[in-house]
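Two complexes come next, and they have one chain in common, chain A, joined by chain B in the first and chain C in the second.
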Partner chain A sequence: MTNDAVAAQSASPTLDVRGLSVAFRRRNGLVRVVRDVDLTLGPGEVLGLVGESGSGKSILARAVLGTLPRQAEVLGGSIAFSGGDLMRMPPSQVRRLRGDRIAIVPQEPMTSLNPSLRIGRQLTEVLEVHRPEIRSKERSVRAVEMLDLVGVTYADERLAQYPHQLSGGLRQRVAIAMALICGRVELLIADEPTTALDVTIQAQILDLFVRLQKSQRMSVLLITHDLGVIAQTAQRVAVMYAGEIVEVADVNDLFASPRHPYTRGLLDSLPRSGRVARKSHLPSIEGSVPSPSAAVRDGCSFADRCAFRIAICDQQAPPLDSAGLGRSVRCHRWADLTAGFARRDALL
Partner chain B sequence: MGLRKRYRLRGVGTAVRHITAVDDVSIQMSVGETVAVVGESGCGKSTLAKLITQLETPDAGEMVFDRRPVRVRTRRERLAFSRNVQMVFQDPYGSLTPHFRVGTLVAEPLRIHRLETRPRLVSRVAEVLESVGLDAEIAKRFPHELSGGQRQRVSIARASATRPQLIVCDEPVSALDVSVRSQIVNLLLDLQRDLGLSYLFISHDLALVDHIADVVCVMYLGRIVEQAPAREFFAAPRHPYSRALIASSPVPDPRRRSPAPAVLGAVELGVAPAGCRFRKRCPLAVAICAENDPPLHAVAAGHLVACHRGNEFGVPTAFPEQSV
Partner chain C sequence: MLSVGLMMLTLLMLFTLLTPLLVPIDPLGISAVDKLLPPSLDHLLGTDELGRDQLSRLVVGSGISLRIAVAATALTAIFGIGLGMVSGQYPAIDIVVSQISDSLLIFPGVVLAIMILAALGPSELNVIIAVFVLYVPRVIRTVRAAVIEYRDADFVQAARSLGASDLRVLVLHIFPRAIGPTMVQLSLGFSSAILVEAGLSFLGLGAPPPAPTWGGMISGAREYIRTAPWLMIAPGAIITYAVLSLNLIGDGLRDMLDPRSRAAGQ
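Showing the complex of A and B:
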C-alpha cells in the first residue's frame, strides 16, 4: 500500500458508505440492486469502482448524489459526507450540496448538457444557484477561467456556442468545468467519464482528471468497467459484482495479486502481449453476468461462474473479510486460493 | 486506385459539401488471415467494412475476391458473393430482428442461399448453434431472452452458417461485458482454425488486435496511414498517429502508468488539411508536412507508412513530452 493511501485512510474520510442497500420496486416484488455496500473514500483519494453492467455501480453513485430513480428504494444504510448523513438530510439540503461540494461528471456529455443553452449560460447557471454572491459580470470571467483550466481552447468564444458545436472530448471538458466551477468540490463522482470517447481523447481527459484532482485536492469516485482506465488512474479499487462489493484493495495490490476469483478471472481474461501466445485461447469466466432481476441465489453470488466453487459456496453467503492491510475480499476460499495463485504467478 | 467512398453532407445551407469517408484504400488478405483495421471514430473503418461486404457501393476502386473481380449487379451475383463474405456487427441488441426466434434467425442464411432442404434445416440449425457454443434448445427463444454474449454467438452463427471465406467483424466484442469478451474472442479463434476463415477485424482495442491480428492497418481520416505485420507494428510503429494510439491505450497495469498523452486536440471530421492530414495533431510535424501529402510507402517488407518522417523511427523511441 502506498503512503498516500495509508494517509488518506487514516484521516477522517470524505465519504463513508455503510451497509447501503437499494432495491427497485417491480410488479413481482423488490429487486435488490445494491446489497449491503461499505465504501470509504479518503480526502484527496481516487477510488476506482469497477463492475460490469447490472453490478449496481451506477445506482450506488446515484444514491450518493441523491438522484436515485423514482422506483428505487433505499432499504438501509448510511452515507456520511463531511459529518452529515446524506440519507437522512432533507432533499433541499442534498440539492444544495450537489453541484457545489459534490459534483458529477457523467458518461454522455451530449445528454447531460442542455442542447438548447449556450455553453456560457450553462456554466454561469451553476454559479447563480450555488454562489449567488458572485456578480453576473464576474460569473462569465469565472466561466472562461474554468474552461481554460480544463484545456478548452478559445474559451471566450466557446461561451456563445451550443453543445452540438463541440466535439465529444470538448463536451466532456465542458462537463468537467461545470462540475468544478463552484471551486468547492470535495467529492467528484465520475461515471464512465471516458467510455464514449476515442482513446487519444480518453488519455487527454484522464490526464486532466489526475492533474485537477491534485490541484483541487478533491476525492474522486471513478466508476468504470475498463480495468486499463482503473490501473492508469485510481489509487484504490473496489470491485462490484451483482450488487455487492467483492474486493477492495490498493491498486498495485489488486493488479499484482487479485484475491477474489472474479477479479482474478477478469484480469486474466484481458489480452496482454507476453502473457499468452498470440491467437491462443484467452482465459475466460464461464457463463454471463447475472441480470439484476434474477432471483438472488443462496450462498455466494459468483458461485455459479466460479472455477473454485465448493459445497459451502452454495450454502452460505461469504462475508467481506479483511485480507491484509487495506484489503478485503468476499470469498470463502480467499486464504487457501491466495497461496495457490501465488505459486502459479511465480511460474509466469 | 484503391477503394473510395464519398458521402454528401445534408445541411441547411446551399453549398453542397462532401466527406470522403474512405480515400484510396488498398488491402490484401490471404486465406486464414486476420487483418485488423484500427482507428478512432470517423476514420472510415466502418465505411470500409460496408464497402468490402458490398453493403455500400464504392465511388472508385475495385475489389478482387478469389481471383475474380467482385460484381454484385444481379441478385444471383450478390447471393454468390454474400455467401462467401459475411459480417458480424458490434451491437448484438440491434442486429438481430427481435420478433424472430433464434432458430429462424440462424436458418435464414441457409434458406436464402438454398444450402439446406427443409427437412434437414432443423438439424443443421442445431449443428450451427452447437458450433458456436450454444445449446440447440436456444433455437426456440427470442433475442431479448438472451444475454449479450449469447446474442453475439447467434450473430456469429448466422455469419458462419454459409461457410464463408471472409467474415468482416465490426467491433464484435466492444458492446459486451468484460467478463464475456474473451469467450467470444476464443470462439472467433476456434472458428478461424476449424473453417479456415479470414477476418477483417475492425476494432479500437489495440491489446485485442495485438492478440488476434496477423496484419494491422491504421486508418486516419479515410486513409490507411500505416500497415504492417502485427508483431512488427507493435514492436516498432512508424507513424506518429500509430504511436499515439498505442501510447494512449490504457494498460491494465498500474506499474506502467503512461506519461501525458502524445497528440494534441481531436480529429476535425471531414476536414483534411493540405499536406499530411495528421499534421495539425502531430508532435513531430515539420515544414514539408504542410506542403506534400505523404504517400503510403514501404519502409520494410510488408510495412507501409504514410509519413514524411516514417523512416526515422525504425526503433521505438520516446515521444517528446507534450502538455494538453
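Showing the complex of A and C:
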C-alpha cells in the first residue's frame, strides 16, 4: 500500500458507506441488488469500483447520490459524506449537495445531455441552481472557462450549439464540465465515463480525469468494468460481484496478487503480452452472474462459478475478511488459495 | 410554411378589425327591399334573405369565430399542459386525470359537443366550453406521453443528479421535449375549434341569432343556393381560409421546434 493511500485513509473519509443494501420492488417481493456494502473513500483518493454489468455498481452510485429509480428502495445502512449522514438528511438538502459538492459524470455521453437545450444553457443551469449569487453574464464566462479547462475547443461558440452537433468525446467533456462547474466538488462519481468512447478518446478523457482530480483535489469513485481503466487511474480498487464487495485492495497489490477467485478470474481473462505463446485460448470465467431475482442462496454467491469450491462455500456466506493492510476479501479459502496461486505464478 | 400561415392569419385579423373602419357595418339592419341582392358597390358581398349586408355579417362573424377559438385554445393550453405534466409525473394523479380524459375521448367529437351544448344551452361561452372539453384530453395525452417518455431518460437523470429539483426538471428539462407535439396539437385544435364552432352554429347550437356566425350564415344560405350562391360561397371560403392558415402554422411550428431541422437550416 502506498503512503498516499495510507494517509488518505487515516484522515476522516470523504465518503463512508456502511452496510448499504438496496432492493428493487417487484410484484413477487424485494430483489436485493446491493447487499451489505462497505466502502470508504479518503480525501483526494481515486477508488476504482469494478464489476460485471448487473453487479450493482451503478445502483450503488445512485444510492450515494440519492437518485435511485422510483422502484428501488434502500433497505438499510448509512452513507456518510464529509461527516453528515446522507440517509438521514432531508431530500432537499441532499439535492443541494448534488452537483455542488458531490457530482457525477454519467455513463452515456450520447444521451445524458438534453437534446432540446443548448450547451451553454445546460452548463449555466448548474450554476443557476447552486450559485444563484453569480450573475447570468458571469455564468457564461464561467461556462467558457470550464469548457476550456476540460479541453473543448472553440468554447464560446459551443455554448450556442446543441448536443447533437458535438461528437461523443466532446459531449463527455461537456458532461465533465457540468459536473465540475460549481468548483466545490469534493466527491466525483464517474459512472463508466469512458465505456461509450473509442480507445483514443478514452485515453484522453482518463488523462483529463487524472489531471482534474489532482488540480481540484477531489475524491473520485471511478466505476467501470474495464480493469485497464482502473490500472491507469485508481489508487485502490473494490471488486463487486452480484451486489457484494468481494475484494478491496491497493491497485498494485490487486494486480500483483488477487486474493478472491473472482478477481483472479477477471485478471486471467485479460489478454497480456507474452502469454499468447503459451495458450491459444484466453481463459474466461464459466457461467454468468446469478440473477438478483434468483432465490438467495445460503453460501457464497460466487460458488457456482468458482473452480475452488468446497463444501463450506455452499453452506455459509463468507464474511469480508481483513487480508493484510488495507485489504479485505470475501472468500473462505483466500489464505490457502493465495499460497497456491503464488506457487503457480512462480511456475509460469 | 409558418410565415405563409402567419401572414394569412394576420390578413384575416386585419380583415376583421379594419373592415368596419373602411365600410359602414350594419350586420343586423333588415331591409325587405334589398333582400338577396348580388354583390355590388353598395353591398360588396350582396345581401341575404332579410336584406342584411353580407360583408358586415361576415366581419362580425369572424370576430365571434376567432374569439371563441382563441379562448378555447388558451383554456386547452393551460389545462392541457398543466394536467398533462402533473399526470405524467405523479402516477396517483395520473389515474384520475387519465380516466376522465380517456372517457371524454371515447365520444365522437361533434356528438360530445352537441351533448354539452344541449345540456348548457347555446351561447358563445358554452361553445368555448364545448370546444375546450373536446380538445383538452388530446393535449393532456400528448404532454403526458412526452413526460412519461422522458421522465427516466438519461438526460433527466443527469439533471437530477446535478441538483435540479423535481419542478425544474419537469418544466425546464422534460417539457421542452413536449413543446413540439403540443404546439402541433394546439394549432390543430385551434383550426378544429373554428370548424367545430362553424358546425355547431350551422346546427343552430352556436351563438344564438341574430348574432351572425359563419356556420349560421351557411345554414341560412342553403335554401338560396341556386338563386343567390354568393351567400354560401363567402362564409365557406373564409372558413376554408382560416383553417388552412392555422394548419400551415401548425406544420410550420412543428418544423421550427424540432432542433434537428433547425440546426440543418443554419
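Going forward, the second predicted complex is superposed on the first by the 345 of 348 C-alpha atoms of A that agree within 3 Å, B and C clash if a C-alpha of one lies under 4 Å from a C-alpha of the other, contacts with A are read in each partner's own complex, and residues count from 1 in each chain.
Just so we're on the same page, contacts are C-beta pairs under 8 Å (C-beta built on N, C-alpha and C of every residue); 3 or more make two chains touch, one makes a residue touch a chain.
On a predicted model such as this, the values are computed, not experimentally measured, just so you know.
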Simultaneous placement of chain C and chain B on chain A, clash or fit: fit
Touching partner for A:53 - first (chain B), second (chain C), both, neither: first
Chain B versus chain C as contact partner of A:288, first or second or both or neither: first
Chain touching more of chain A, residue-wise (chain B, chain C): B
Partner chain in contact with A:198 - chain B first, chain C second, else both or neither: first
Touching partner for A:88 - first (chain B), second (chain C), both, neither: neither
First (chain B), second (chain C), both or neither touched by A:165: second
Touching partner for A:255 - first (chain B), second (chain C), both, neither: first
Vertex chain A, arms to chain B and chain C (CA centres, degrees, nearest 10): 80
Touched partner set for A:135, first chain B, second chain C, both or neither: neither
Partner chain in contact with A:269 - chain B first, chain C second, else both or neither: first
Superposed arrangement (fit on chain A Cα atoms) - minimum chain B/chain C Cα distance in Å: 6
Interfacial residue positions of chain C with respect to chain A in the complex: 152-165, 168, 172-173, 176-177, 179, 259-260, 263
Chain C partner contacts - residues on chain A that touch it in the complex: 62, 65, 67, 69, 92, 95-100, 103-104, 106-108, 111-117, 125-126, 129-130, 162, 164-165, 175, 178-179
List of chain A residues in touch with chain B within their complex: 52-53, 151, 153, 167-170, 198-204, 206-208, 225-232, 251-252, 255, 262, 265-267, 269-273, 276, 278-286, 288-289, 291, 305
Chain B residues within the chain A interface of the complex: 40-41, 147-150, 177-183, 185-186, 189, 204, 206-208, 210-212, 230-231, 234, 244-245, 247-255, 257-258, 260-263, 265-267, 324
